[in-house]
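Both complexes shown next keep subunit A, but they swap its partner, so subunit B is in the first and subunit C is in the second.
On to the complex of A and B.
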């Protein structure tokens, strides 16, 4: 048998008629008729909060808007004192044919507004941050001056997305560009540098481009590009043992001084003359002309081909006329 | 085993192992030869000594701020904002470019199942705007960019391209100008070791 002893501290459990302290309370599982809260209550009147009139009615025309709208927020129609409308009305039935006003206009609330960036706002903000700007040095006013003092141009990219992550892997790319005239070379070093660079060298602008994107971080790619540049430069100054195997096919231009044509010509002239050592001095002019014309034939290739070949022919005839 | 042709030599072996005759690339000698010929006998300009102590301001030759969005009206407003900011901060843009917008289109079925006769056309447009600036120092650029990026509207993407100017590092001096006696002795010792 269950028994509850009601003390002063216990809350009243039964909803039925109040019983005296100490009395046995009967357990009631269901409510009998009439024992509820009484007759059905009528639905009460909904009490709406008192909304004061919109703020823009009490704004003066010469107020400081920067204080009214200091930061970027959603459009608040009660604060903006302008009769703005937004919405397309297709017929006279819709909204009585009138433009849709700003009151409870969801479209106006959805779009980004620039009410926090009026000219007055911008002036205030820029006045505050202007002290952090520094002037551009006058010595670097022209492109040539920039190239002379600071030859390397390093290009990097930054990306701002509204994605969950602030990372963008494209930001790791670093591009180095500079003109080869800014570095010191001798003839062999410059030629070797250009061969090593391959497609990275642009002959029209005399510019080398190194794009580093191997590593995951921008600093790593920058360091790698610096290393590449240093390695390229010093490698081009070295002469390897196998470079002695260069043949005439590998010359970057026609060097008449090293060519077999010169040795053959000198042999021919020496054979006909009695004094072999003075051959060069005697026929200097003719040799020079021959040298110029054969160099032009080899170098210029297809352009001016006919002219170059006729010049060459004339020079050769002049040389041998001397003998004949 | 691939044949040891000139073509394969370039791609299989390390650059230092390729003989110079192969490096000269007979198979595409026209472009390489033209390239090599053009850069002959170009004198190098003497380099001034520039001191750039640690912590000195960076120098940007060019700064390109590209903004992309789906709403051209928002981009127009943003352009007005950036123009005003650049006037206030004394960094007039060299050029404000409006590249043409890009449209992505799909033609998809209107219904979940069957009804192959009825399709729908969708498109997404991306509008672009580019602000080009010239000759900015690092602190000016950072100040301007931070202000302009904090006030970037919702749904707009920004790409900042910076072209920074730097000198060569001090170690990039030609080996001939450094003490020649040590280098020749090194070469001799190397040759002796190799032979």
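On to the complex of A and C.
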């Protein structure tokens, strides 16, 4: 029982010894040292109750830890039966050079501990929750299968705070991700789609990512992302009038069929032959080779530059029957 | 819509895939279902204190008194906080929580205007905030001002008046206070059935009034509510009158009223047979009106059967009722079993032979597994189950295994919540340990004791005494020192009313049992215990007390004013110190323990203390202690002291004088004067045996 006995030290209020009637009472403002109230009253000793020994001394080695530490809580040194230490001692003077014990160790209390998630805990928790789990569908047995059946990936985030409010503004973000192969495109549509998507399209993975966070609510963002996707898709199929004004600089790949290089080559060949119409058929193989090499030069850029250029040189020479 | 524009391209791998696949259905679960299932993973652990008390070891309460103090003070703090919120409600309207938590807000304060111009919404608000009497006043006012109030409102108000017996419902106590409700609630401690219905109260007035204007449907509701209220507050005669009225006017009785009726049968009919007849009659009536009985119906019937104590047909009827219950597809709840137990064992003597209790346990364990390892509260009578079954298992059946089985069952999962208050828990454990101490062996009992004490159960003084008795019977010497620290922990040493009893008992334990084979270690520990006792309860001699008195008188002369408080405190100090009365017996035991550890000074000071204060101490110093003190002084060559002791032995006229003389006689270092003294002692003694000793 917490009990303590205290006595106060009283200031002497009244005047000194009682004076006789008729005598002039002397005013005493301060207490002189002689006239106290006898021996000084001792302040009674505070009596505290006996502290029980820490609980870990009484724990058996085969107890069930999941019952002793069921949930996440701050580190309680009297409950943990392990000799855990934490703390850096810089010299032999501090704590006799020994690592700091767990008793009243604020560092141990500050950090999160995982004593509530030992393997036994996890086993028990999983067994308890299992009944709410459904089996994994058999059709989804590989990554490709997942992509096949579930082409689009929608990601949302939920946040938990240890405050009275459950709201978090970061939870409004909605992310749509999917591969373009899942949608039906013709060449123009695909190209237009990719141009419209811009940064949101990842060419390496062939994946479009739409992140919607304009609106305050998650549902609104979800609807907006859906709308955006639909709009993108259908827009890419439309051809505007001004798209005809495309120049060679706008081409996404090298179309040899439309290129001026072809017209010029044909002109050259026609000029050297009599019959203009059969030019193509006679020199078909050579023209094909030329076409292939010049397309490779234009398209592949820096990679195999030397090889491509030498191929091109050879093809041109072959075409004009020149020998270097 | 989005899915329509996605279509499946044939993938490069040529496996055949079905066009679509069915998602497995999400298993419906409530918002807290996962938390609840995780909760079932945690069992009660005897090593941890209850959640309310978890803290640094310094602050964890271990004795029953401390626990009560701590939990009640916590409840008091919460109440104080609520009081402040209601008193200064203007300061507490800032809401941080989303979604908002209504119980963290001050209570609704009613505006004066709402009372002056009453309205139906005011009535509803008052009813929602449990101010029923005020609601009735406002209702009357509305009638006076001829304001129209809808029938639903009127009937709702009437229902509330019946349910709460024309009074505001009692505030729900915080759970900590509720645990101690038996001690805090002075009235009706024995649980007698008393009639508490307020005659001519507001409910009756409203009943009369509404009776006039009720349609036939409303009449059903009106009469049923009224009858149920009358039954609930045990006014059975009037209730039967109402029931008869209902029958005359062809108003159908509903299930709730039937349940209450069955429960109150023991108030209506006197003899057991008529009670049973009465119930059968009404049950048949229920069948005719095709009203399905529910769990409450059966529990009410069991309750009435139980109140027919010592009825020979009781058990048979109970069993047939059980069958009936099963046929109706109602699973018996813990309350049902509680009643059955009391029917089978109506008092302390009867019923050794029936094996009903193990069967009940089998049934319950099966049900427990089936219910997914949890039991739900299904009926208010469930709270009596564990108390009843342990009571009967220990008192009537005296079956140790059964008691342990019941205890194990109670500790699994969250079954411990079916012991609803502190008193029942105390009695449960008291009964259990009483039985175990009498009939079981230490290897089983001590682990059980340790698993429960001190966190789950803080024993009362009777059980502790039984425990000390148990330990002494079984001679568990290793436990004695541990027992001392347990006694301190559990607060028995500080408890001023009982500590002397316990300390005497404990010291008797230490001294009586098998003194020869104690190790040095144990002797030292016992002596330490003796010193601890002396430290806690220091010996104040008369002189010291005189001094304190003198001081007090001086103070009285000098200071008048702020001395009262101080005086009280010094008085308390004096009281605190002198409350512990030493007796001769106690002192002898202490002396004995100390002398065995060869501590001469301490034991001699006790010896002297005894003789100084002989007039206020009861009992004399006994022979054993004097003899051991004598031996010690002889060993340490303190002849004067030894002679003093022998003289005192002579004064007391103890039989051991002869041994004492002999012992001293053999000692070599006695000089002439000492031997002279010995001879005078021998001459003066009145014992024959003393004269037989040959002195040198």
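Everything that follows uses one rule, which is that the second predicted complex is superposed on the first by the 188 of 324 C-alpha atoms of A that agree within 3 Å, B and C clash if a C-alpha of one lies under 4 Å from a C-alpha of the other, contacts with A are read in each partner's own complex, and residues count from 1 in each chain.
The definition used in the following text is that contacts are C-beta pairs under 8 Å (C-beta built on N, C-alpha and C of every residue); 3 or more make two chains touch, one makes a residue touch a chain.
Every value quoted in this text rests on a predicted model; they were computed, and no experiment measured them.
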Subunit B versus subunit C as contact partner of A:125, first or second or both or neither: both
Partner chain(s) touched by A:320 [first = subunit B, second = subunit C, both, neither]: neither
Touching partner for A:245 - first (subunit B), second (subunit C), both, neither: first
Partner chain in contact with A:196 - subunit B first, subunit C second, else both or neither: first
First, second, both or neither for A:204, with subunit B first and subunit C second: first
Subunit B versus subunit C as contact partner of A:145, first or second or both or neither: second
Partner chain in contact with A:68 - subunit B first, subunit C second, else both or neither: second
First (subunit B), second (subunit C), both or neither touched by A:134: both
Touched partner set for A:165, first subunit B, second subunit C, both or neither: second
Subunit C-contacting residues of subunit A that also contact subunit B: 125, 127, 129, 132-135, 137, 140, 148-149, 151-152, 178, 181-184, 226, 229-230, 233
In the complex with subunit C, residue positions of subunit A that touch it: 1, 3, 5-8, 10, 12-14, 37-39, 44, 49-55, 58-59, 63-64, 66-68, 70, 78-79, 121, 124-125, 127-129, 131-135, 137, 139-140, 144-145, 148-149, 151-152, 163-167, 178, 181-184, 226, 229-230, 233
Of subunit A, residues touching subunit B in the complex: 72, 111-112, 114, 116-117, 119, 122-123, 125-127, 129-130, 132-137, 140-141, 146, 148-162, 178, 180-187, 189-191, 194-196, 201, 203-204, 206, 226, 229-230, 233-234, 237, 240-243, 245-247, 249-250, 252-253, 299
Complex contact set, residues of subunit B against subunit A: 15-16, 19-21, 23-24, 26, 32-45, 47-48, 50, 57, 59, 61, 71, 74, 77, 81, 84-85, 88-91, 135-140, 142-144, 147, 149, 151-169, 171-177, 194
Touching residues (chain side subunit C, partner subunit A) in the complex: 1-2, 5-9, 11, 13, 17-18, 20-27, 29, 33-34, 37-38, 40-45, 47-48, 56-58, 60, 62-63, 65-66, 96-99, 101, 450, 485, 488-489, 491, 494, 551, 554-555, 558-563, 565-566, 569-570, 572-573, 576
